[in-house]
């Protein structure tokens, strides 16, 4: 079976982040199909066009990690009814310079999780709005607003020990693998024939 | 060349609607690729689950028109920074009953137009948020916020006479045809082999 | 104690609507401060500027009910991650004709409720976006995304029998009464002196 | 005339930022009523709860500047159809720690500006969604989506030389001063009598 390279972007920066745990556990749920690697965002200086003439090394590193991936998975909490600033900064960094966005055309998935009930809905859709401009086709269904996510949902090895959460996370993981494959196949079918043989 | 059946949903109900004019002109811009038909929404009673046991004929008619299409194109003004009520009602009607949504998995395009400058941005993204739940993959780029759209942009035969608007509308039309084709191809490639021959 | 006249707009049209139950129960929770009356929306024809030259009687009735109120409370489910079409249509009807919006400057509250966990978040914020254009100052806190709302939460007399829900609904009701009073007081303080006596 | 202290938060970090120019010019338009000071955000490290036990000096400085103000004015471009990451980060920094948000209850204004036509609509409303959680009453009208803002709109002294832009910016400035005054008056009227004399 084909495996897709996925750059995972985690929205929270704290060491004990629930979303980081979820991201790590998630990738194991479809490991035959998804080859996940977290693209770290905590060391990215705030985006400022003035310094992009000689971009910081971390910006270049992040952009390369996104470019090398077949798809991008965002796993993030909600801050103040929207994306965490650090996540939005990573999106801005990856999207520039104009005409050279690392995100362009990559299939995307959005997972939001929180200890409370609403599951990061506001962040989820705020992020989807960015993906329009970024030209990233986002998987629409299933949506993933994971509420009630606490440390107790994970075992000592990081695996999800809550049956309900593991089941829906597994469903999401397989659907996401299908989505990435769908977009890859379609793009390949539509691409101009590189041999020039034509019809 | 393959032609895609497109159900066009126009958000404004007035007879002289600019968006209706735009929708009609638009379909002519990619007529070799897009076979457009307006799915009328002005006669749909407000959605009420109680009456869906014996749905009004117009609801059934609208649902059938959407189901018969390969893709859906929304062309609409913004009302009060969101979708017109009539358009949102059509979405609700088409999405029900649960499990039988007419919109499910149809590729979609969103065009918003207005005489002012902002081009219906608020409606455009409000509609995209619905498409997440509807499981409609929406074309991300190019976006279409058409500002400055007035009667003067159309000739007596309904064609767009403004060069700038015609050019971007034509670009959108071809991109949308590609998007519909992309999703169709991908779905076909992913579908289980109906002969059961397997690999 | 001063009582504020509140026009309540219920987003669901079905007879057994949970949001209608919630709206009715809600008004009893601050009955000394809030004099609530539901402004019905189920009989409003879809907004169409062409017929607004001679508006349907129901449009006029709805507009008058909104104009007569000190504030507006929306109590609604989410349909397809946004407002129900019927609710959005009522907003469009009440907002027109241009320059004569019935909603202008009325303080507003937004309650969304659903049997599921997310509590209508998508509808709640889609509605708030409309209120910007409508020039309605909306109470920001507490927010009201009421999840897990089912028939079992109400007694035979319609009162809320669930302690948790009753408590947060009561808190919201009193906060909303304060918000309406705040805006009224402030407007009175800012109004030009009608006697012309000046300072 | 009473003067209100306004903390101005500028969303762009580049030295030649159009929004910084606009913010500076704007404050001069109602200088009798608004005493503006830019609260800088470019030096704020990305928010991370782990380091908030001993917060960086810049976080403390920013929080104090917001707390000292009567109101907050955001003047910002749109990045990727939402807030710039740096602006969102500042919001996150100012909103924490839980229970100690610097933004709570401050009246707010939102101005978005861009060289293109849409005037930052997506950012404007994304920011307003945050203000709900932050419990900041935001001025609803007039909205400020300033399109076509380029360096040519400003004179060598930084004043707005374009008549149209100056006129709407002036209108916004005076309306914002009224809004801040409205909320202050109302809060004063509602506050419990500190002498305890009461009724």
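We just call them A, B, C and D in the order they show up, numbering each chain from 1.
As a convention for this text, a contact is a pair of C-beta atoms (placed from the backbone, for glycine too) under 8 Å apart; a residue touches a chain by one contact, two chains touch by 3 or more.
Here the structure is a predicted model, which means the values were calculated and not measured.
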Which of A-D and B-D has more C-beta pairs touching across its chains: A-D
Most distant chain from subunit B, judged by the mean position of its C-alpha atoms: D
Where subunit A and subunit B are represented by their mean Cα positions, the distance between them in whole Å: 28
Interchain centroid distance [CA atoms averaged], subunit B/subunit D, Å: 37
Computed distance of Cα centres, subunit D from subunit A, in Å: 31
Numbers and ranges of subunit A residues touching at least 2 other chains: 81, 122, 125, 129, 132-134
Subunit C residues touching subunit D - in the complex, by the definition given at the top: 125, 128-129, 131-138, 140-141, 143, 178, 181-183, 185-187, 189-190
Residue numbers on subunit A that touch subunit C, as the complex places them: 81, 117-119, 121-122, 125, 145, 147
Residues of subunit C defined as touching subunit B within the complex: 13-15, 42, 44, 46-50, 79-93, 95, 122, 126, 129-130, 132-134
